[in-house]
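The chains carry the letters A, B and C, assigned in the order they are written, with residues numbered from 1 in each.
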Amino acid sequence: MPVSQNASGAKIWQLRNRNQTLARWAAYLAGVAVFMWCWQRISDATTWFFVWDAPRIAADIGGRAWPPRWSYMDKLWGPLWDTLNMATLGTLLALVMAVPVAFLAARNTTPSATFIRPIALFIIVATRSINSLIWALLLVAVIGPGVFAGLLAIAFRSIGFCAKLLYEAIEEIDPTQVEAITATGASRWQVMAYGIVPQIMPAFAGISVFRWDINIRESTVLGLVGAGGIGLQLQSSLNTLAWPQVTLILIVILAAVVIGEWVSAKVRGAII
Amino acid sequence: MSAVLLEDRLGTTWKKPPLISNPTLRWGLFIAAAVYLVLATASIDVNWSRVAEGLSRGWAFIASFFNPDFVSRGTDIRDGILESVIITVASTVVGILISIPIGLGAARNIAPLPVYLICRGIVALSRALNEIIVAILLVAIFGFGPLAGFLTLSFATIGFLAKLLAEDIEEMDKVQAEAIRATGSTWMQWINYGVQPQVMPRLIGLSMYRLDINFRESAVLGLVGAGGIGATLNTAFDRYEFDTAAAILLIIIVTVMVLEYLSGIIRAKVQ
Amino acid sequence: MLELKNLSKTYRTGDKALQNVTLTVPKGQVMALIGPSGAGKSTLIRCINRLVEPTSGSVILDGTDVTALGSGALRKMRRKMGMIFQQYALVERLTVMENVLSGRLGYVGFWRSYFRKYPQADVDEAFRLLDRVGLLAMADKRADELSGGQRQRVGIARALIQNPRLLLVDEPTASLDPKTSRQIMRLICELCAERDLAAVINIHDVALAQMFVERIVGLKAGELAFDGKPVEMTEDVLTNIYGEEDWHATIREVDDEDAEAEEPVA
């Protein structure tokens, strides 16, 4: 009730009535209280002495980290190649696995909405909510350190991501095109190849390139847990406090990310 | 009517026109891709005996999902998850609060050029740096603990939200905003009445989405000492305590599912 | 040749779209199906090739009960029924030629169709049909680059390359301008005559139907309301099917037989 009367009887206009206003303030208050409590906990767990000392430490590290040790670059080409391979092959492997999952998860293509669809959706959520570093941690524990573990980590993490976007694209296709192919007497697989696949092809290409870009970023750090790539060098440089090498590695990672983004933007522009 | 004659085409074979019409380019790309794939696959040396050995461990891990152990490291898990949640909430709130002014500044249609360039620079920096790397640097500077994690995720949130917010503002309906400006409003009033109503629903939706991402990320920050459940998880894997690891992963998965469900409801409500 | 016996369809929502429709279409007859929106015309057509499963009743084509077939036999049966859609329903991202050849999917195996290795006879037939509908030059264009009338012609070619016995046509002209509508209707009817095909054509434009077909069936709320020759279509009949309205301008006078010059389809 936006219009009410004040004490003297004059009508005043308000956007919300009293109860709504109260509820709103209560919600704000609760929000602030929750945040303050969170902050309190963080603050308790922090050694503030170090924090006050942070500017000096930052300056100290900065001083030691510059200039980068360019000669170290020779040792980085191999890991960089591994990083690229983990991202690319990982993405390909993920797509191979994501396509069937997406078809099983989409409402209009799933063979069984009551049994198979929930399983497919669970695979999607489970692989998506586990970060690729955790996947790497797990795979390193299971199959030992190396590029292969990183590749699989990238692949598993990407299944859910790609399958989710893909099944949403499948659910949005134009059903009459599928009906028209069905009406010619085509088999189930032919309907798929002629009626559905052409319609989701642009989405598929876009998703692949998009995920490849993300995977380039992620594969640069997988080495931190022993899964190969340039992150391995980062880890050992950090352990030996070789700050000039760290600087160089960070610059290389940044360059890789920027180039990856540029390439994916170009490819996306070319196919869409 | 057409220049193409039926007699010319009858009996000729038909092929689907290729995606790339230039044959040199097509074959060049094809061969390059094939060569790359061969080289890349060859350069990955897999220690198959180690993998075979690992398979049984992999099975053990999968099996432990059906028999997770929440108890033996109960306190560690509880504290870790709680710390993850705290980091998530605090960093999302702070990230949103900071990304609103930066998002406004990064929208070309409402910000003056110098402000625009600075804000875009911040956004680009935040997006280019991987969370883990930021966390490593911040741990080195501020010491171990959740503060580094909190700062990392706040910084990452800024890059994500401010960019999308700026793009939203750049795409918004000009007429509505100009109508407000025409009433002689101040800049603040203009933002409040002309811009905010248009971008608010999506901002809320994106914030919920970011909350979800931040929670997932907070689970790995512990690997580099920046607080949260990651440290416990790391220890569990190091000691091959798969049942504890499975318990932690299940908690993460369920939390993400719940968050996604909630954000779906909230997004439906504001739109 | 085509027989519908007590065909009924009740959708899961409870809509009784068809109720006890019994109808026979002899060989080579072009029949128009008219009726107000929601009368069940599309449902009737889709029940014939079982894009929609009928609730009860049977559809008999050349002595075979279509409603009793298993999925493999149904696919073989669908080859005998070409379908043409209102919104063309071409696969937009495939070329014209691929769309036409997709009419042969029921005849070729999966891998052949996947690699686009159709038998030469099919390719020749596709070229012939494209030439017949005036689109030979467009064979390698993508379907979404065509105009509405051109797309509908591709749709016709796709239905005909199936070598069907029966055409099922759902509002072929509803998205087209009046002139193109006539051209398309004429093309369909000529092709039916050439190949001695029976056809069931859903159509909203009563005058257009009267102009081209030999029999009109009216549907009203899922039930048969009229069955007769175009000349028997009077204002009373229309009022019965559609409700009260001034129908004079809608019905074609019987005596103004094709006054306009025949224009070539191109």
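The rule is simple: contacts are C-beta pairs under 8 Å (C-beta built on N, C-alpha and C of every residue); 3 or more make two chains touch, one makes a residue touch a chain.
For clarity, every value in this text was computed on a predicted model and none was experimentally measured.
Judged by the touch criterion defined above, the protein chains are all mutually in contact, each touching every other. Just to note, of B-C and A-B, the chains joined by more C-beta pairs in contact are A-B.
If you average the CA atoms of subunit B and of subunit C, the two centres end up 50 Å from each other. Centre to centre, using the average C-alpha position, subunit A and subunit B are separated by 4 Å.
The residues of subunit A never reach two or more other chains; the list is empty. Residues of subunit C in contact with two or more other chains: 98.
Residue positions of subunit B with contacts to 2 or more other chains are absent.
For subunit C in complex with subunit A, the residues that touch the partner chain are 49, 51, 75-79, 81-83, 85, 87, 89-94, 98, 102-107, 110, 113-114, 155, 158, 162, 168. If you check the complex, the residues on subunit B that touch subunit A are 36-37, 40-41, 43-47, 50-51, 54, 57-58, 61, 82-83, 86-87, 89-90, 93, 128-130, 132-133, 136, 140-143, 145-147, 150, 216-217, 219-220, 223-224, 227, 230, 233-234, 237-238, 240, 245, 249, 252-253, 256-257, 260. In the complex of the two chains, the subunit A residues touching subunit C come out as 174, 176-177, 179-187, 189-190, 193-195, 198-199, 201-202. Subunit A meets subunit B in the complex at residues 31, 34-35, 38-39, 41-43, 45-47, 50-51, 54, 57-58, 61, 81-82, 84-85, 88-89, 125-126, 128-131, 133-134, 137-138, 140-144, 146-148, 151, 217-218, 220-221, 224-225, 234, 238, 250, 253-254, 257-258.
Contact residues of subunit B toward subunit C in the complex are 1-4, 6, 9-17.
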